[in-house]
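In what comes next, chain A is part of two complexes: it sits with chain B in the first one and with chain C in the second one.
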Partner chain A sequence: MSKYQAGTYTGEAPKVWPAKVNQIPKEIFGDAALFEEELKKIFYGDTWHVVGHTAEVPNIGDFKTFDLGRVPLLIARGKDNQVRVFFNSCTHRGNQLETSVSGNRKEFECPYHRWLFSLDGALAACPGSKEFAPDFKQENFGLVELKTDQYLGLILVTMGKNTPPLKEWLGDIVPLTLSALLGGDGRLKLLGYQKVRYVSNWKGYNDNDGYHGGLLHTAFRMLNFQGGSGSQPMSVNGHWVIEAELKPAQNSGFLNDPSLIDFKVADPKRGSLVVQLYPMTVMVKHMDVINLRFAIARSHDVTEVHYAYFAHEDDSEELVQHRIRQSSNLLGPCGMVSMEDAAVFQRIHIGNHTPGVAEFQKGVVSLSELSLDMKQSDETGNLPRWEHYRKVMGFKREGEQ
Partner chain B sequence: MSPVSEALSSTSTTDKAAKALLPLDDFTWNSWSAMETQWRVERLLSRYVACIDEDDLENWPEFFTLDTCRYEIITRENVERGMPLALMFCTSRGMLVDRIVSLREANIYPQRWYRHIISNVLIQSVDAECLQVQSNYVVLQTRRNGQTDIFSAGKYLDRIVLSKGELKFSEKRVVVDTHRVDTLLVAPI
Partner chain C sequence: MSQAVTAAHASAIEALHTAYLAALDKGDMAAWAATFASNEASYFCISAENDRRGLPLALMYDDCRGRIDDRVSFVTKVWAGTYQPYRTRHFIQQLSMNVAGANQYRATSGFMIMMTPEGGATTILTSGEYRDLIDIQGEGDQCRAVFRERRTVYDADVLPRYIVFPF
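This part shows the complex of A and B:
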């Protein structure tokens, strides 16, 4: 018999969380009002958000558009080679400035009243300005830039007033693995995207995309992938880093064409690297695949993820071809070894429209204290992030004053 | 070789062929008239999509040439930006088989039916070895709750050869307009 009584389902996030650190109230996944709070406190709040990598806009005039929650962004490389992130909104009457997902422009023109912005955001021209309001000054109407910082080309933005400096926010555990994941120096070359829409709350996506116990992916077992030694530290502000040895698979007979899973440059000792940055960015290097996942929380039940794949600028042509083949077949929503993730995001979301809590088990040694380290295949890596989320959102624990 | 096929002895790739929309109303290929060739190509495409829609996927690799073949599902977005990354990319018959084995034995995904609709089958170029054919497709997806959605729309760019008397794909490039996948893509298109 279950300990939960039927009839207690409200569909609303509870005001108070369970006292046990391994329990997550399921009703936080389907609550539309809570999503509005999350936008304010998390997505528009005091944390950094990964919105792209400079390799996506390699040439002067290249741009891409993206969203942070519901806020439209325009990321552009200027004549000075600087990559800037603007609100994608004309400073005249607020019209969406750029509608393409990506491209190359000499300048950005708003079609509404033909205001023209240069690549660095300055307002270059605005017809009829002689008759504008008396306090109008052209130099005050450049595109508005978000607070931006970069780490080896990774572009992060924040709209919070009290966001800590990026270095401090990344902390100790992230840089070593993240730099290896980004090819050591961040000089990456974009190979392309796989974009996907999940019918899942962003937290459900996030809770399962970076890492979960190894039982889900039958293909990993069929391929004989042996997880070797590794480390998987977490930080109190919700980041999580995993380094794992991947023993090159002895051909298990599963693949007719095992060349797909060769290691060409990846060091099997660090065959699998995962960096998960709070609140919802997952980046992985698995064998020779370099994959950054730019995620957008669209609503309480839709999450969009742009899986961007990269090579390194110094790669030989042969290596690039190998990366393309691995990247196009293994991971992500079409990848033959881990597409189960996509199915799970949706099922988690449906299943969480029920009363009670989701309870983490494997590796939990204390119900009151969180550990910042875990053993391979434990479930506990998500718990510090949940604790950080709980605090940011202001949920009290049972018994807490 | 007929005068037309001589004139068209092009080695262009499917992409180039897509640009050159030639009025191929009259030719002979392997002793077949243009009309018969068109009919045989349409038969091949019909059998190909029936194989997928009827979930007869173990036979899907049989539609491709044995020695060298290439099957790719790539988004129009990546193609137009000159980026090579695909959603599925097989460069050998073995890889085609691996996809199906994986789908059957390893992958977990919600049950659904595919229904392909094909139109505008256009033979674009003809040479001694092969036909370059472009066609449009739509895949409708019906989930087990009975709801049908458009899962994918796009075009096939096919290189078709005659192998032991049978038409086979030596290359099939599926260029997907619907570049944002709904949840996941497990079966071939």
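This part shows the complex of A and C:
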């Protein structure tokens, strides 16, 4: 037992972090003022953010709305088949343009003064424009488009001025796993969503590790799920990758319907793929489930996650049906395996409103340097992300100049 | 289908609804599973958004009796001790009932689920609609109603927490 030192807990994020690389100050999870800084430096800063996949808007005129921090976005497929990301705001007085979560439109109309925008964002009509200000030019008032790039259909945006090109930001390691996760070519077909809000800081939602798998998840033990070999290859910019073998489970009568854990097309050798793109996008391919988790940091203690599930365009009907059955019940906020993760996101948020540091132990070989050699079941894989976060936010370590 | 519902059947169906709500409000998963037909039955719990858009993915996709029984194991065995406990109160209002075949009815009801986390205040988990296919087993006053299929379409576009119990 260790004793609390009276007066040391303030609830505010400390400016200086512990010297040990495996310790994270718990106050950074519950500090509302820090969240405002994170919005500026991370969410509106020089970082790419995943906001969707083109398979969510497969037809011309399809759109979805999403948020980056508090900034409303409108993602639409134009007549030229290009998917663009706009601020969801009329260029006149700033009125929210599209109110639906998703749908199909011929154009977007702001009801306030009936300004009309075509699918590519151009301002097509604005009543009464003869009496507009002398410098008004219709071609200057198209919807404002964010800097956007795509990777195998994954749509990323950035609001920063000095964001590196997407290819450089992803690095060499991430695409090796991410391409496989996205079905090799990104030609996906949307199966549906599970959407949920967690009472958890976005960083806590993001901090799941390779160590907990066989311990938190009782189903793995009951099914005698033997994790095979795996790796956590080191990647750049705070991204995180796990590849693991999943040996086919031995049901031993626990499940009445063992089809839940069947492999139909996935190669058990790469049975579990996880890519986490900094700051908060988790994507997994587990067995035959393809799951992209589009997340929104709503506040310092609310994180919203849209679990989107996909099939591949070339799948047979039978395979699509298998993916629907496996995806619905295995992962997500009510999944056999992952409901427990969701519980931890909320419990860790409550527990982190206490003094001291969150400790990382499994796989740590040095207290002063990050480990480069991480096993699949280590929690050291999280530490490069924390180091990236610390640097972006400008926190110094004890003893650092 | 303008055929009338017999009084015995109507009362069996009402008893079925009551048994379903009472089971969940007590957290009794075995009693929940017992409201479904024992040989062939299905339970789906899907968001109104997916349902409206024709997206097949559900929050719970129990399309066979085995999966209904497996859901009992998830709650009572797999997840035990990991989640933050909460209690529910279900309220329903029948919207329609039609004869679907011999001893079979299609019914819809609106529902609301209140939730109370342990140590917390009561809030709404979600509202929604039950779309049921109900079988009548047995004859006369001895008859009993069971769900052949219950499709729960919940209204919340974003659920306010992770989910342990069926809706």
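In the analysis below, the second predicted complex is superposed on the first by the 390 of 401 C-alpha atoms of A that agree within 3 Å, B and C clash if a C-alpha of one lies under 4 Å from a C-alpha of the other, contacts with A are read in each partner's own complex, and residues count from 1 in each chain.
What we mean here is this: contacts are C-beta pairs under 8 Å (C-beta built on N, C-alpha and C of every residue); 3 or more make two chains touch, one makes a residue touch a chain.
Every value quoted in this text rests on a predicted model; they were computed, and no experiment measured them.
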item	value
When chain B and chain C are modelled together on chain A, clash or fit	clash
Contacts of A:247 with chain B and chain C, given as first, second, both or neither	neither
A:79 touches, of chain B and chain C: first, second, both or neither?	neither
Partner chain in contact with A:260 - chain B first, chain C second, else both or neither	both
Touched partner set for A:93, first chain B, second chain C, both or neither	neither
Chain C-contacting residues of chain A that also contact chain B	101-102, 190-199, 216, 218-219, 222, 254-257, 260, 304, 309, 324-325, 327-329, 333-334, 336, 339-340, 342-344, 346
Complex interface listing, chain A residues touching chain C	101-102, 190-199, 216, 218-219, 222, 254-257, 260, 304, 309, 324-325, 327-329, 332-334, 336, 339-340, 342-344, 346-347
Chain C residues touching chain A - in the complex, by the definition given at the top	46-47, 49-50, 53, 55-67, 69-70, 73-74, 77-80, 82-84, 157-164
Parts of chain A lying in touch with chain B, wherever the complex brings them together	101-102, 190-199, 216-219, 222, 254-257, 260, 304, 309, 324-325, 327-329, 333-334, 336-337, 339-340, 342-346
Of all residues in chain B, those that touch chain A in their complex	72-73, 75, 77-78, 81, 83-95, 97-99, 101-103, 105-110, 179-186
